[in-house]
Amino acid sequence: MITAGLDLGAGTVKGALLEDGERILALASRPSRGVPVTSARAVLDELEEGANIAPGEVDYLCTTGFGRYAIPERHLQVSDFTSSARGARFLFPRTRLVVDIGSQATRTMAVSETGKVLKFKMNEKCAAGAGRFVERCSKYLQVPLDEMGPRALESAHPKLISSVCAVLAETEIINNVAEGVPLSDILMGVFLSLAQRAHSLMRYVGIQPEVTLVGGLVRSNGMVKALRDTIGMEVNISADSYYAAALGAAILGHARLRKLRTAPGPSGG
Amino acid sequence: MGTPTPSSATPSAAFLRDARALQRKLVEEYYAGLDPARTPRRPVAYMLVGGNLAEIVRSFGYEVVFPEIVALTCAIKHQSLDNILHAESLGYGLDVCGYVKSDLGLQDRGGETSFGRIPRPDLLVCSFSGCYVYVKWWEALAESYGAPLFLFDVPYMREESPRKEDIDYLVSQLWEFIRLLEKRTGRSFDMNELKRVLAESRRAEEGWAEFLQAGRLRPSPIEAYFESIFYMFPINVLRGTPEAADFYRVVNEEVRTRVREGILPLPQEKFRVLVEGVPPYTNYRMFWDFFRKWGAVSVVATYPKVGGLFDRGFRHDPSRPLESIAEYSLGAYVNQSWPLRRQIIADYVREYQVDATVIHGIKSCRSFTAGQGDLRDWLIHERGVPTLYIESDHQDPRYFAPAQIKNRMDAFFESLEHHRATAGASPGSPP
Amino acid sequence: MKGIVAGVDIGSTTAKCVILGEDGQILGKSLSAVGVDIVKDAEKALEAALTDARLARSDVSFITGTGYGRYKVYFGQLVVTEISCHARGAHFLFPKTRLVVDIGGQDTKAIRIDEKGDVVDFAMNDKCAAGTGRFLEVCANALGYDVGEIGPLSLAAQRPLKVTSTCTVFAESEVTSYLSRGKDPKDILAGLHSSIANRTLSLMQRVGVEPEITFTGGVSQNEGMVRALSRRVGSPVNVSPLSQFLGALGAALHGRERLPGGAS
Amino acid sequence: MTVPTLLQIRTDAALDKEENGLPRVELAPDFREFRDAGSVAEMVRRTQEVLADPTFPTARAWRDGGGKAVGCFPVYTPQELVHALGLLPVALQGGGENLEISRADASLGSFLCSISKSTLEMALTGLLDPFDAFVFPYICDVSRNLDGIFSRILPDRPSHMLHLPQNFASESTVRFLVAEYRSLLKKLEKVAGRSLRAADLAASLALFGEQRLLAGQLAALKRERPWDVSLVESYLLLRLGGLLPREVHVPLLRRALDELRGRNQKAKDAVRVVLVGPFCEQPTLELLQLIEDVGCYVVGEELQMLHRWYPRVEPGGDPLESLAAAYVRAPVDIGVRSTPTTKAAAILARVREGDAQGVIFLTAKFCEPALEDVVLYRRALEAKGIPYLHLEFEEKSTTYEQARLQLETFVESILFD
C-alpha cells in the first residue's frame, strides 16, 4: 500500500510517500506563495519520480495544512495539528509534546502514546512568533536564512526583543543594530523570542518529555538551541522533521485505507 | 497606590528629601512585617485599594495585603513580566488586566518577591467599587486559596451625592461583614476601637489633601503625578495607623520648606499639566523624563484619587463610623460615572490653572480607559484644553513603546511651545 | 541674512533630504532606504541631496533633523518631530491645508493645522502597525506584487472584497486565503485599500475632518490609496509628487525660521 | 462531515455585493411578516434579513405604529419594566457584519470588544435614532462606561446605568435592587408619559414568563435532540425574541417549537459540546454554523441569555419585589455575574447537564469577564480529563481558517484514536 501525504503550508508545500505506513519512499518540498495547487502537483510528481513509481500507483492521498481543501483528488484531509502530531510520533515514538513552528503559526500539542492529540494551542494574536518573521529579519539584516542559525550560535549576550508586534519588532531590531549590538546577539535574540512564545504555548498545554520540534524552523540550529535553552530540556530533531506533517498525513491515510480495505462499508469523513 | 523602588535615583536631591526617605522606610517596614515566617503571625486579609474596608479589618487585628500595590511594586522593580508570562501560561489571555496577571502569576509561583514574601490570605475582601475586574480577580483568588470571600457590593456613582438607598445597602453589608469577622476571629466587634482607627485615618487624610492642594500654587512646589505616586503608599496602605498620619506631617513640612526656599520640581515650570490615568509603572522613570525634558510639571492628577477623593473634601468621620465608611467606598475615582469624572476634571483644570492634559490610557484596564478618547475630545473641543492621548500598559513592559510615546510627547509639547512663542507668551526653545 | 537650509527626515523605512534655497525653492532632494546604520544613512541622504543640488556641505547654513531617527542626525543643529514638519511642509505646498494625513512606513498620523501651518491637534495609530505602509507592503508581497503596482491594480477592481483583519500579519493570511479561494487579486487589493482608508478616516475624525486635506508620506504615492481615501472622506485630497518629502521639506522650513531674520 | 442545514448563511457572492450601502428592511407596523410566518425556515430567513440591517427594522416598525422603543444592552435588563409602561424593549446586540466602524475607536479606545464599539458607532451615526432611551446594565466596565459616553453624545435621550448587584448573600440585596429599579422607572416613566400600574406589571411578568418558558423548552429540545434543530436555528429564533414585540414572538416561538418537535432526523457521529463565553457579544452566524459543520452538536450554550435568567417570576406579593428577587436568586453562572457556586462546580454541572464530551470556550475578543473565567473553568475540566478548546471571535470576520483548523483538530482529537 502506497500512501501520499501532502502538507500544503502557507509558505511551502511538503510531501511524503510512504509504503505500508512505515517506510519512507520519498520526500519533497516546494515554495508556494498564494495558490498552493500547482506547487502541490509538482511535489506529487517529484515524489513519484523520487520513489520511481508511476502516477496512479499511489493508493491514497491525504492532505493537511492550510490548503488541505484545495486538492480535489484527495481522499481525506486532516488538520495540521493532527498530522504533525502523528508525524512527530513516527519519527520519535516517545514524543509527548510536539512544537511545530511554520511560516505563519507556531503550534503546540500534547500527544498520547499513539500520537493522538490531547491538547493543543496555537499563537493567534500576534504573528511575531513564527517563521515569516524570521524570513523578514533575514531580509532586513541581510543574512541569508540558512546562515541565520550558525551566526546566532556565535552569540554571547543575546539581545531579546520586547515588542509583541512583528512589525514593531522589526524596528526594534533595526534600532539595536544602529546601537551597535553585535549581529549574532540580535539573531539569537530573534530565535529566543520565538522560543519564548513557543514556551508559553507549551506551558499552556503542559510540558512533558519527550519534546519534538517539527516544521520549517527545525532547519535552523539557532532555533533548536534557543528552544532547548528556553525550556531547559532536550528537544528531538531529525532531518525528516521538516516533513512531519506530510508524513503524519501519509500515516493517517494509511490507517484509514487499511480500515476501509479490511471493513468495506459506507465511507464518511 | 505608590510604592516606588528604593533603588530608583532621585530626580533632584534637593527636591525629594526627607519625605521620600521616610516613605521608603515605611514601605520596607510594611513588607518586612508581612513576612509569613514572623511570629506571632497575624491573620491576613487581601483587599483592593478602591473603597477598601481597611479600618474595620484592622480593628479586628488583621494584617492587610493589597495585591494591586504588590503588583505595581513588582512593575516598578521590573519584575512584573515574569509573573505576567506565568499567568499567561495558566491561560490568562493577552487582554486581561495586567494587575490580575501579575498578581495571580506571582501567587502561583509562591509569592516570592525581591522585597519580601507575600503571605497567603485568610480572608478575601472584594470591594466592588469602580471595577468589575475586581470581582473576577477575587473569585480567582477564592478558588485558588479556598479562603472565604466577602463581596462588598458598592453601587456606581451616577449622581453627585450618594442616595439614601445606597448608604442603607452598604451599611447593612458592613454589619454582615462585621458578623463574619466576629465569627472568623472569635473576637467581638469594638466600635470604640473602630472610631479610634478612623480618627487616625482622618488625620492622614487631612495631611494628604493638604499636600495635593499645594499643586494650586504657581509655580507648583509638588509634582502631583510622579511624586504623588510615591506618597500614595501611606494613605492607601497604612491608613488608620499613626505612622500614616505622621508621614504627611513630614511631607507637608517639606513642601513648606520648598516654597520658602524656592525648591521646585523643575527649575522652570513651563507647562502646568493635568495627568489622567494609571501610570506606566514599568517605565515610570522614562515617562517622567519625557515630561521633564519639556518643562512640564503635573500640578494635578486623577490617578492619586483612586483611593478616595480626599482633596475634594471627603473625610472618614468617627462620629458616623459605618456611614462614613460607606460614603468612602462610594467615592473612589473610578467609581464615578463619566459625567462626574468630567466634572472633576473640569474643576481641576480651573482650580489648578492647567495648561494641558496628558491622558495615559492602559491597554488592559477598561475601567479607567474605556471612554478616555471621548474625554480627550471633550477637553479639546468643549473646554479648549490641549490634550494628548497616549497608550501603553501599567504592568506589561511589552506595550510600552518608548520611541512612539516620546515622539508623541515631543510633538505635543513642541507645538504647545511653538504656539506660545508665536503668541508672544513665554518664549521657549526646544532642548 | 538668509541662507540655504536642509531638512533630513529619517523615517522607519526611508531617509529623505530636501535642500531649500534662499527664496524657498527646492534645490535638491534625495530618497533612500533606511538600513541598519542610521547615522550613516542620514549622512548619505544629505550627501545625495547635495549632489542633486550641485552644492557642497559648506553651502548649507542650517540643518534640521526629523523623523524617528531625528536624534541620529548628529550633524544637524535642530530636531523637530515629523508631526510639526509634515504640518509645515503641507502648508508650504498647499497653504489652505487644515488637515494633514501622513501615512508612512510604520505610522499613520492625522494632523490638524491652523492657517499658519502650526499644529493644533494630532492623532496617531495607537494600536499597532496595521494600516500603515508596511501593512501594504506585506500584503503586496503576499500577492506577489511590488508595492508600487498595487495602487493602480486596486483601481481596476470589479467586486471589492472585505478585509477585516486588524493585524498586519494576519491580514496577510486573510489575503492568501482569499487567493486560495480563487478571488481576483484586484478585488482583494481594493478591499485592502478601503480597509486602510477606513482606519485612516477614524484617525482623521479624532482631530476633526476639515478641508483642505493634504495627504503626505510614502503611501500618498499610491493612487489607489488616494482614491480610496478621498472616496471615504467624500472630498478630494491634495497630493503632490513631493508628498513623500514633506517631512524633510517641513524640517528645512523649520530650520529656515531659526536663521537670523528667517521667521516669516 | 456536514450537519443537515436548512440555511444558506452568507455565500461569497452575497459577500461581494455588500460594498455599497446598508441593506434596508421595511416591516409592517403590525409585524404581519412574523405573525404569518408559517415555517421555521421562513422565520429564520426573515430574522437573518432583519439582522443584516443595522437600522433596527423592528424598532422602526414599532415607531411607525406610534410606539416608543428602549434599547437594552446585554446581558440582563428587567425588560418587564419597560414593557409594562407600553414601551418596546429592544436588545442591542451589536452592529453585525455590515456596519463599518470608523468613529467609535476614537471615543472608546482600541482594546475593546466589538459590541461596545459597534453600539457606539451606531449612536454616533444616527442608527440608534429609533430609540427613545437606553439601559446599560453594569455587566462590565465597558458597558458601564458606554452609558457615560451616551449621556454626552445623545444628551436629549435618557440613558441609564443599572447597577446590578453582585452580593447575592446579603439580606438587603433585593431591597437595594428594588430601589435601583425605581430609579430606572423614574426615567422610563418620563419617556412613556405615564406611571407604572401594578396590574400592567403583573401582566408583563406573565408574558415574559411565557417567553422564558418557551425559550427553556427550545434549549431542552436542542440538548436532547441536537440533530433536529441546528444551533443557528435555535439561536435565531431566540434572537428574534429581543427584537419583536413579545406578543408577536411568543406565538411564533410556540409554532416553531411545534414544527421542531415533529422533526425526526438521523443523528450523526458528532461530538457533543457546550459553548461557554458568548453571553454578551454574539458570534457571527458563520461561526456558529461552522462549529456544527465540522462535526459538533452544541448541547448547551450562553447565547441570548436575556431570555434565560430565571424560569419565571414568583407570582403574588409586590411584583417589583418579585422581579428583583427573581434576578437575585437566578441560578445563572456566567462571566458577568458573581458566581453563587465555584467556577469548577458550575462548569462541570453544565457538562453533565448536556452529557457533553467537550467544551468550546467561545469568547469575544477583549471581553475580560469571559477571559478570566476560562482559566478557572479549564482547570476544572483538566482535572476531570474533559477536552476543551478556546476560540475568540469578533463581530466582523470574513475568514474562518484559523477557527476551522482548530475546530477540526478538536473534533479529530476526540474522534480519532
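So that you can tell them apart, the chains are marked A, B, C and D in the order they are listed, and the count of residues begins at 1 in each.
Here, contacts are C-beta pairs under 8 Å (C-beta built on N, C-alpha and C of every residue); 3 or more make two chains touch, one makes a residue touch a chain.
Keep in mind that what you see is a predicted model, and the values were worked out from it rather than measured.
With centres defined by CA atoms alone, the chain at the far end from chain A is B.
Per-pair counts of C-beta contacts peak for the chains B-D. Averaging C-alpha coordinates per chain places the centre of chain A 40 Å away from that of chain D.
Work out the mean CA point of chain A and of chain B, and you get 47 Å between them.
Residue positions 91, 361, 373, 377, 391, 403 of chain B are each in touch with at least two other chains. Residue positions of chain D touching 2 or more other chains, listed in rising order: 105-106, 110-111, 392, 401-402.
Annotation for chain C: residues 68, 123, 126, 173, 177, 206 touch two or more other chains. Taken chain by chain, the contacts link every pair, so each chain touches all the others.
For chain C in complex with chain A, the touching residues are 12, 34, 36-39, 68-69, 72, 106, 128-129, 132, 134-135, 138, 142-144, 167-170, 172-173, 176-177, 179-180, 182. By the touch criterion given at the top, residues 10, 33-36, 66-67, 70, 104, 125-128, 132-133, 140-142, 165-168, 171, 174, 177-178 of chain A touch chain C in their complex.
For chain D in complex with chain C, the residues that touch the partner chain are 12, 15-19, 100-103, 105-106, 110-111, 394, 396-399, 401-402. Across the complex, chain D is touched by residues 123, 126-127, 159-165, 173-174, 177-178, 181, 187, 198-199, 201-203, 205-206 of chain C. Against chain C, the residues of chain B that register as touching in their complex are 361, 373, 376-377, 380-381, 386, 389-391, 403-404, 407-408, 410-412, 414-415, 418-419, 422, 430.
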